[in-house]
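Look at the two complexes coming up: chain A is in both, with chain B in one and chain C in the other.
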Partner chain A sequence: MVTIATTQRRRRSGLGMAMPAILLLLAFFVVPVVMLLTRSVTDPEPGLHNYAALLGSPTYGRIFFNTFFVSGLVTLITALIAFPIAWALAIMPRLPAGILFAVILLSMWTNLLTRTYAWMVMLQQTGIINRMLQSIGLIDTPIQLTNNLIGVTIGMVYIMLPFMILPLYGVIRKIDPAILQAAALCGASRMQALVRVLLPLAAPGIASGGLMVFVMSLGYYVTPSLLGGTANMMLAEFIVQQVQSLLNWGMGGAAAFVLLVVTLALYALQLRLFEPRETR
Partner chain B sequence: MTTPYLHIDGIRKVYGEVVATDHVELTIGESEFLTFLGPSGSGKSTTLYILAGFQDPTAGDIRLRGQSILRIPSHKRQIGMVFQRYTLFPHLSVGENVAFPLRVRRMGRAEIEEKVRNALALVRLSGFEDRMPSAMSGGQQQRVALARALVYDPPVLLMDEPLSALDKKLREEIQLEIRRIHQETGVTILYVTHDQDEALRLSDRIAVFNRGRIEQVGTGAELYAGPATRFVADFIGDSAFLAGRLATVSGNRASLRFPDGTVATDVPVHGGGTVDQEAELMLRPERIELTREPGPEGTTLPVTVQDITFLGNNTTVVLRTGWQQELSARLSFGHPLVGGIGRGDNLHIRWQPDVAQAFATP
Partner chain C sequence: MKHMLTALAVAGALASTGAQAQTITFSSWGGTTQDAQTEHWAAPFTADTGIGVVQDGPTDYGKFQAMVEAGAVSWDVVDVEFDFALQAGQMGLLEPLDFDIIDKDQLDPRFVSDYAVGSFYYSFTLGWNPANFSGAQPSTFADLFDLEAFPGKRTFYAWSHPGVIEAALLADGVAPDDLYPLDLDRAFAKLDTIKDEIIWWEGGAQSQLLLASGEAPLGLFWNGRLYALEAEGLEVGISWDHNITAADALVVPKGTNNREAAMQFIAEATSARGQADFAAASAYAPINLASPDLMDPAIRATLPDVQTAVQVNADLAYWAENREAIGNRWYAWQAQ
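Right after this comes the complex of A and B.
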């Protein structure tokens, strides 16, 4: 929608050309959202009682906590893993960097269900990870890695990594290596150069990657439902349960709308904090 | 013998098969301004990067006040450097950029403030503390970079073609600034450039680099008047090289015979030489006298005027020798021949015996 808005500003005459796309978005995106929003305040009876119930009860509060906690943790861990990978991609010679890219993109393009089931197999009690940890003597008995939030976090970090690596790579690649040489001659140790120069310069990439990962995590369904089990429900699972099993469209709509508002708020925050820097 | 302030001792750097620098040997005095001059790929930047600690030499040593610095990592060498590209930290203001080296040294706030103020005053950018680098011109950015490199009083300041991205007028302006700053601070400067004018304008001494080796070290005047190799003669100042063969050789003096049979006698010859070896006679255009009559035997050549260009303070006359080699002479404004000669005129050049030199072709 943003691209349509900017296109309009640039070339008003292009509006006609954009009409099919606008109509498509209206019919299949805006209308359903509005319908869902309407149902959330009319179903089963008019009023804000769906929202009151959703935001007021500790049961639902637990779901919100799970969702935000896991999403935040996933974002943090993803950033920590993605940063060195993006840095390596930026400074590697062309060929090895290309191979690493291919590996990252290939995993991204592999079917999501397949990848999640693969994690289920690896993380189970007799799975390769538990056996490895046992064989090196780190643990005595297998630890529970599926059907809880640990499994969800591991699976989601893996799935989200490319979405963090790519924007980070884009930003880091533009940093002149001579700036880091200058920092070194100025007396900055590697750690100081990282904290005082590299991280601030990479901040827009961390922000846009982090936002993407966080927002995607908030609404993620497949991985939490397969690796998390029913006891540790997250928001997307809750919406599916409300709509599919309980046919409670009002409550499902309210939850979906809360998710949408949070997402848009985060996006607005990111625009405000980092957009001027990126265009500078 | 006293220990030299900075001693670059036999530095050699090999990348795979390529020898970037070889046997680079140089001593630099405290507060000296020494320039590495040479074409790109001559090893001057490699030498500078080894000094900065970005590269390790294959062999050799670098000693500052007698202590080897090669094992000290870049960030502990205390060396200052201004780079070819603008390397200010784009997310920090000018003041924060200059304060950066002091902050990482965990200096006190008051001390940092004072040093930053002094450093910015030195490069005449007082009051620019809060400006962002992106809001400054290239010349201003390089001055901030200079302040940042000087703020911690480095024993040596390295400058790697810092003005190459600037236009000519700005370049000359900042050259004067650099000279003034060198005089005011007394910092030892190693400067890399491929621009001979810049080298002559700035330096106490110049080391001419070619193919990874130093061809000659000396003051600008020494290099201009007494180039040790043809490369130096060609690189510093304009010169005419007249090709001939050695006719007689005695010690390091020789006479040359040109293809038209004319002989230049008793010139110093560089690069050894045996009779009949190919050699070139070097003449500086402003030392070539143009006359209607031939000069004394052995210091004169018949020439034909090819072209005359008036350039204000001098008139450049392009001449052709009997064997069709071109050279140019400069006539100062008001010279009696100016206005009196034209294309196709047959004239003579002559030179004082002490200004000509010959380089034997190896």
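Right after this comes the complex of A and C.
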């Protein structure tokens, strides 16, 4: 029997073991973040003017809108594609499921820049996708697939898919397939079984995958900058311009802080809504 | 435990006595340019002095400033854009150059300051892909803005930097002598007329991909990148009309531990031979006035420094002074 005292003791000794990791995080993560945030209210002069400029200007407002809009769109499409794949992985026989897993993971292990350049080549006007669409007669002249919202969305959905598939698979695998038979026996149509039974059971997976994809998308740089145009500029690109090109650490720090606050708020919301009660 | 510490101490002492093999770190922009710098500057420098050169990059101004301010400088010589070099000098981020070690008598005075000497200079030139134009070919900056005669995407350098704004003003009829101070309202109004058709390139490789594939059949390019495409066998249109020069600079971050070696490296890089060999490999122009005589005339003919008749020099001092103001406006305009 585990008493409260032993649990507490265990927790304390666990903390001791985790100390090096915590110190490492403090030194290399928390301290730099705090320094950057400090600069956002001190650089070039003390005050909140960086935040005023950031949140007051319509141009920067547009960058915020783009960031959330693109991230939301990517999350939605990723979820729609990932759900059937995760379902298939959960019910497939072992060997084909293993192969499918390997394909998904392999794509994750390939260099991000390489994959993004590959999309640039495939999506361009003379690229394989336009040529294919032309040869099957769907379009007459090449359509613009890069340097706009389409390019960013395709590139980012592709990169984010594994981060949605894996948590979804974890949840779906634990669902007893008999539950769907039970639903059918009770007279549910396939659609009803999906909406009323399967989706609610998979909701924690959708939520954690969705949050991960959304938050990662918020801070994404390489893909939007190579596959998007400046009309869909996102916050990370703005931060790079401010810091790398203009040495404007104050403004870059302010933008980073706003991003951080939004991310933490989303995380807190997800914990509240989907964390199983007994661990609280 | 004690033994281990002694062993470590001995090993440390051995390592430091063995450290006569001094190294310095050079940061540049990667790609074919840094390859040429490695081959024609770093290799002869190491052969002459025994000092190794570690290649690093890409150069990042935010990182540059952060390492100087933190007092932890890991770059000894850095290739930066010239307008940044002038600004960084004013901001106190640079070591003054030692002109007892670097011989500046032979250097083009346009590219010499207390804190920076030219690394090479280059031109922004009009380039196009002839496969995309059946009839007339573009030839002037005005054609870059003529969507009827030359439809299709055009590609420009994404970062706030001399080049695109000047090209817009020249295309709008401003005389080269009247460019500065820049009329930004007029420049952005001109750029607005083609804004939807612009694809921005952030690096040389991207610009080459856009042009070679015809995704952007025309644009404003670093001349060396067009030359490299030609060298690979692609047919490329180049017009030197109003080619706009800008330069890279070699600088030493304040607080380096290898000040003297850094100065020696710059001396080697800006020597007549170093500049001539680098120019031949990169198609960028040498900033050492004695270099052209050392070069094959056929190669020289492809460089910006024989195009001075139709050349416009970007005012790098003006840019250094107004870098932040122009930059803020530039990025805000891009995102609008």
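Here is the rule we use: the second predicted complex is superposed on the first by the 260 of 280 C-alpha atoms of A that agree within 3 Å, B and C clash if a C-alpha of one lies under 4 Å from a C-alpha of the other, contacts with A are read in each partner's own complex, and residues count from 1 in each chain.
Methods note: a residue touches a chain if its C-beta (ideal position, glycine included) is under 8 Å from a C-beta of that chain, and two chains touch if they have at least 3 such contacts.
Owing to the predicted nature of the structure, the values given are computational and were not obtained by experimental measurement.
Asks: Here chain A is shared; do chain B and chain C fit on it together or clash?
Replies: fit
Asks: In the superposed arrangement, does A:Pro93 touch chain B (first), chain C (second), both or neither?
Replies: neither
Asks: With both structures placed on chain A, which of the two partners, chain B or chain C, ends up touching more residues of chain A?
Replies: C
Asks: For the superposed arrangement, I'd like the angle with vertex at the C-alpha centre of chain A and ends at chain B and chain C, nearest 10 degrees.
Replies: Superposed on A, the angle at chain A reads 150 degrees.
Asks: Which partner does A:Met120 reach: the first (chain B), the second (chain C), both, or neither?
Replies: A:Met120 sits against chain C, while chain B stays out of touch.
Asks: In the superposed arrangement, does A:Gln244 touch chain B (first), chain C (second), both or neither?
Replies: A:Gln244: touches chain C, not chain B.
Asks: Just chain B (first), just chain C (second), both, or neither: which does A:Ser225 touch?
Replies: It touches chain C, and chain B stays clear.
Asks: When the two structures are overlaid on chain A, which partner does A:Thr59 contact: first (chain B), second (chain C), both, or neither?
Replies: It touches chain C, and chain B stays clear.
Asks: A:Gln181 in the overlay: touching chain B, chain C, both, or neither? Say first, second, both or neither.
Replies: first
Asks: After the superposition on A, what does A:Gly16 contact: first (chain B), second (chain C), both or neither?
Replies: Neither partner.
Asks: If you take every C-alpha pair with one atom in chain B and one in chain C, what is the shortest distance in Å after superposing?
Replies: 46
Asks: So chain A touches chain B in one structure and chain C in the other; where do those two contact lists coincide?
Replies: The answer is that chain A has no such residue.
Asks: Given the complex with chain A, which residues does chain C contribute to the contact?
Replies: Spelled out, the residues of chain C in touch with chain A are 60-63, 65, 91, 153, 158-160, 199-200, 202, 206, 209, 213-215, 323-324, 327-328, 331-332, 334-336.
Asks: Can you list the residues on chain B that touch chain A in the complex?
Replies: Listed in rising order, the residues of chain B that touch chain A are 52-54, 73-81, 83-85, 87, 89-91, 100-101, 103-105, 134, 145, 148-149, 152.
Asks: Name, in rising order, each residue of chain A that touches chain C in their complex.
Replies: Listed in rising order, the residues of chain A that touch chain C are 57, 59-60, 62-63, 117, 120-121, 124-127, 146-147, 225-226, 229-231, 233, 238, 241-249, 252.
Asks: Which chain A residues qualify as touching chain B in the complex?
Replies: For chain A paired with chain B, touching residues are 176, 178-179, 181-190, 192-193, 196-197, 200-201, 203, 280.
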